[in-house]
Amino acid sequence: MNILVFVKATIDRNAPLDPDETFPGDRDDKSDVMTNNYDKNAIEAALRIIEEKGEGKVTAVCLGSDMADKVVKEAIAMGCHEAIRIENSKAEVTHFYSVAKILAAAAKKVGEFDLLLFGMQSYDYGTATMAPMVSEFLDLPLACWVEKIAFNDGKVIVDKVIEGGIRKVEVKMPAVLSIASSGDFEEPRYTSVRRIMKASKTAVPVWEIADLGIEEKKPSVEFDDIEEPPARTEKCVIFDDGDASELVGELLGALKEKGLNIGAYK
Amino acid sequence: MKQLTKIFKTLNFDKEAQEQNEMILDMVYELAMNEIIEKEQDWDEEGAHFDPATKKVSFPSGMMDLYKKCQQNDLFSIIVPEKYDGFGLSYTLWNAVIELMARASLAFSMFFPSQGLNIEIINNFGTPEAKEKYLPLLASGDAIGAMAFSEPNAGSDISAVGTKAEKEGDSYYLTGNKIWLSHGGAAGTYITFAVTDKSAGPKGLSAFIVDPKIAKENMEVVRIEEKMGLHGSITSSMALDRAEVPKENLLGKENDGFRLILGSLASSRIGIAAQSVGISETALQESINYSMQRTQFGRPIGKHQAISFMLADMATKVHQARLLYLNTAHMKHMGENTQIESSMAKYWATELAQKVTYDAVQIHGGYGYSREYRVERLFRDAMVLTIYEGTSEMQKTIISRGTLSRAQK
Amino acid sequence: MAKILIILENAKGKIVGLTKECLTVVQKLAGELEAEVEGVILGQDIGSLAQEAGTYGVKKVYKVDDAQFSGINILYHTRTIEALIKETNPTLVIGGASLYGQELVPRLAARFDKAMFASVKSLTFDDDEYEGIHPLFEEKLFISMEGSAGELTFATILGGNNPEAEPDDGLSAEVVDFSPVIQDSDKRESFVEETIAKVSVDITKAKLLVSGGRGVGSAEKFAVITEAAKALGGEVGASRAAVDAGWVVYDHEIGQTGKTVTPDFYIACGISGAIQHLVGMRNSKTIIVINTDEEAPIIEMAHYAIIGDLHEVLPELMKSV
C-alpha cells in the first residue's frame, strides 16, 4: 500500500495576522509557520492504514518555500516514511487551481500509489478544493470528509460525513480521500523524540515545478485584495460582577433599555 | 515559546541539533498547552489518592494517560545515553522541557526533575548491572524515578540520616522511615541513603537504588501528605523494614554516598529553577490577559501605569530567571561544574516565582483570591519551590561558601 | 443571453435551506446580468421538488429522476451535470458550499479546466466581472476573487450569509426530464448506505433558541437547557460537541454540519465558539452568552455575556423572565 499525503504550511494560529503576509513564504520567522492542522488528521489516517496493513509506505508531499521545511520534517517526525518538497519560492504559486495542477503532476511523477490523502480543508484559505480538483485532474474517484476507512478487494470503503449523518461509499483504488477532523482520525499523534531525530537526519528531495511538465494557464478566477472584516461598532456588554440573580437582573435591565423583550415568546 | 527558542538560537548547538531542539520543544508545547493545561484544575481539585487498606497510591484521573503520551513521545529518554535506549541530548533541552511542562501544570512537571536525577546518578555511579537494568526503564518511563532523601530528623541536614543498611550475603537490608517522597509508592526506582558505618558520621552513609520489585512488602507507603498546593502530585511517607537491596544496586563505593549525592543535587536544582520559570511565565500571561480585559475607570487596567509597570517588572524578571537556568543547564551540558550556579538559579528563580504569582493574584484583585481563577492555584503551588530540593537558605549557604572559597583562591 | 444554472440540492425530500440562500444570490445576479435562471435537480421521486423550485424564480428545471440517483454518487452527479452544461451552455453554475457542493462543484470546475469562486459569502456582478468574497483564517480576513463574466464560471456559496429566498406561488417552472449520463469509469464509486438521524423538530424557524455546548457537562445536566428553552418559549439548540457527546440529537445541531439559524434571541450556554459553530448562528439578532470563560471566542460576536455558571444563571433567568 503506497499512500501520498499532501501537507500544507500555513501561518501559525498564534502568529499575528497580516493581510500582506498570508503565505508562509511571506514571513521570515519559522515560528510563524505551522503544519495545516487538518493535514495532521490525514497523516494520522495514512499511518493507521499502514500500521493495520502491516506493510506499505507513506510519503508526505508539500508545495512550499523553505519556510515549509519544518512542515515536511514534522510529517516525517509523525511517522511518514519519506517526504518531497516542491520548491515554491520564486514562482509563488498560491492559487488553489494552480496548486491542484502542481500536486496532480507531482502525484503522477511519483507514479505508484493506491491512495492520495488530503486534510479536509486548510486553516488559512479553507477552500476545500484541493482533493476534488486533484482527483479530477488525475481522473480518480474521490470521497471527502472521511471519518472511517476499511478495505475490501482493491476497494476502499469509507464513512463520510454528510449533514446529519454518515454515508458509506465504496471507492475503487487508486483514489483520493479527504480526511475529516472528526471520527477515527480526530486525534493525530504527536511527533516523538525518536522520530524527530530520524527526521533531522532524513534528506528531503526538493522538486522544481518546472520539471513537472505543467502547461501554464492563468486561473479563470483570480485572487484580489485581502481585507480585515469591518470592526464591530457594537461591543459585547459583559456582566461579570455579582451572583447569578444580580447578573440576570443586569442583563434583563440592559435588554429592556434597548427595547428587547426576551419574554415575548412564552 | 518564542522567548525560549530565541535564547536557544544564541547557544552553540549545530544546525541539526537546533532543528531537533525546536521540533522537540514544539511538540512538548503542543502537548502541554493542548492537553495538560486542560486537566490542571481538575487535578488540583481531585488530588492524589491513598488507600490505607491496600497501601496503594494513585494519581488523579487522567494524569497517567498524559504520562503515557510523554512515554510515547520519548520525553523521558532525552538525556539518557544512547547506549541505554536514550538520545544523549542536552541538559539545556531537558530543562526547557521542564519549563514548558510547568507552564501547564507544576504537579505534572514533577515527573521530570526527579527522573532526570535518577538517570544522572545511576549513569554516573551505578554498577554496570544497575545501568543495564534501570536506565532503559527510566528512559522509557516504565519506571518513575523517585528520591528518598528526607527523614523525620534529616531534612536539609542529610548527614543526620537514621535509616540503617545491614549487609548480609549479597544484599543490604534497609530499615528506617523516609518522608516527602514525590511519587512514593508509584515509582520504579528510589534513590536513597542509609548508614553503613555508624561511627563515621556523614562518611558512613551509602547511596542505593531501592527497587520496589525486590523490596516488596518490606517497603510500603504509610500515608500521603495533604499539602497547600501541588495536590495532583503524590507526596508520601514510606517505611522500610529490612527492605532488600542487592549489592549491584549500591551507588558508588560503600560509605561514599554523602559526597556522591550532594554533588548530584546541583543538577536537579536547575530543574526546579526551570519549573519556577514555567509557573512564573503562566502567572505573567494570566496577568497580561486579565489586565487587557478587565476595565476600570473607563479603560483596561493594563493601561494604568501602576499595573503596566508591574507587568513590565514581572516580564523582565522572568526573562532574567530563564536566562539563568538555561545558562546553567548549558554550562552543565558543556561539562562545567555548576555547583554554585545551580544554587543561584534555584534560589533566584524560586523566590521570583513566589513574587510573580503573588503579584498575579494582586493584579486579579478579588478574582485572584477565588478558586475559579488559575492564579490562586499558581500561588499555592509556587510556595513549595523555595522549600524542596534545598530551601533558599540552604542555597544561600552553598552560594556564600562557594564564593568565599573562590575569594580565597 | 446569459444563463445561470443552479444545482438544487435536496435531502430528505426537501430542497435544502442553503440552496434557498443561493437562490437569493441567484435572483439578484439574474437581475443584474439579465440572465435566465435554470436549475438541475438529481435524485429519485423528486417531481414535486422540481415544481417547488419554480416558486423561487427558476424558469426551467432539469430533473434527473432515476433509481440510480436514490443515493448520492458524486461521479454520477458530476458526469450528468457535465453533460447538461455541454448541452445547455449556462454562463454561471452555482451550488451551495455544503459538504455535497464542496465535493461536487470543484470537481465539475476542474472537469472544464476552470478555477472557481470557492466558498464565497457573496457573489456580485459589476463591469463584466464577477466578484466573490471568501473568508480566510476562520473569518479573521477576507479575500476578494475576480473572474470574467465572459466565460463559463463556477461558484459555491457559503451558508449563513444570505437570507433564504421566499417562495412566490404565482411563479412556476417548466420541468424537463434529463436522462442520467453515467460512464463505466463512474462506477468506480458506489453508494452503499446512508444513516441519517430522523428529524423531529425544525429549529431554523424558532424565534428564540437556548443552545448548549460542551460546557453543559453531561446528558443529565443538559436538561437545564431543555427546561430553559421551554420556559422561554423557544427551541433547543446545540453545538456539535454536545451532539457528538450524545446529550442531544442531531436535529438540534447548529453550525457547519448542522443548521443555520437566525432567531431574535440566541442564548449560547457553555459554548466556547468554534468557527464551525459560529457560522451557523452569527446572524442571530441578539446573541446572549452564558459562559464561565470570559475569553470564549463566541463573546466576540455576542451582544451580551454573563460570565458565570450556566447551571446557576439559567434557573435565575427562568425565574426572572
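By written order: A, B and C. Residues from 1 in each chain.
The criterion applied here is as follows: a residue touches a chain if its C-beta (ideal position, glycine included) is under 8 Å from a C-beta of that chain, and two chains touch if they have at least 3 such contacts.
As the structure is a prediction and not an experimental result, all values here were calculated from the model.
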Furthest chain, CA centroid comparison against chain A: B
Among all chain pairs, the one with the most C-beta contacts: A-C
Distance between the centres, which are taken as Cα means, of chain B and chain A, whole angstrom: 38
Interchain centroid distance [CA atoms averaged], chain B/chain C, Å: 53
Cα-centroid distance, chain A relative to chain C, in whole angstrom: 22
Sequence positions of chain C contacting 2 or more other chains: 294
Touching two or more other chains - residue numbers and ranges from chain B: none
Parts of chain A lying in touch with chain C, wherever the complex brings them together: 11, 17, 19, 22, 95-97, 100, 123-129, 132-133, 135-137, 139, 141-145, 157, 160-172, 175, 182, 217, 219-229, 232, 234, 236-240, 243-245, 247-249, 251-252, 254-255, 260, 262-266
Chain B residues within the chain A interface of the complex: 1-2, 5, 16, 19-20, 22-24, 26-27, 30-31, 69, 72-75, 77-78, 87, 89
Contact set on chain A toward chain B in their complex: 30-31, 70, 73-74, 77, 189-194, 196-197, 199-201
Partner chain B, residues of chain C touching it in the complex: 292, 294-295
Residue ranges of chain B in contact with chain C within the complex: 289, 293, 372
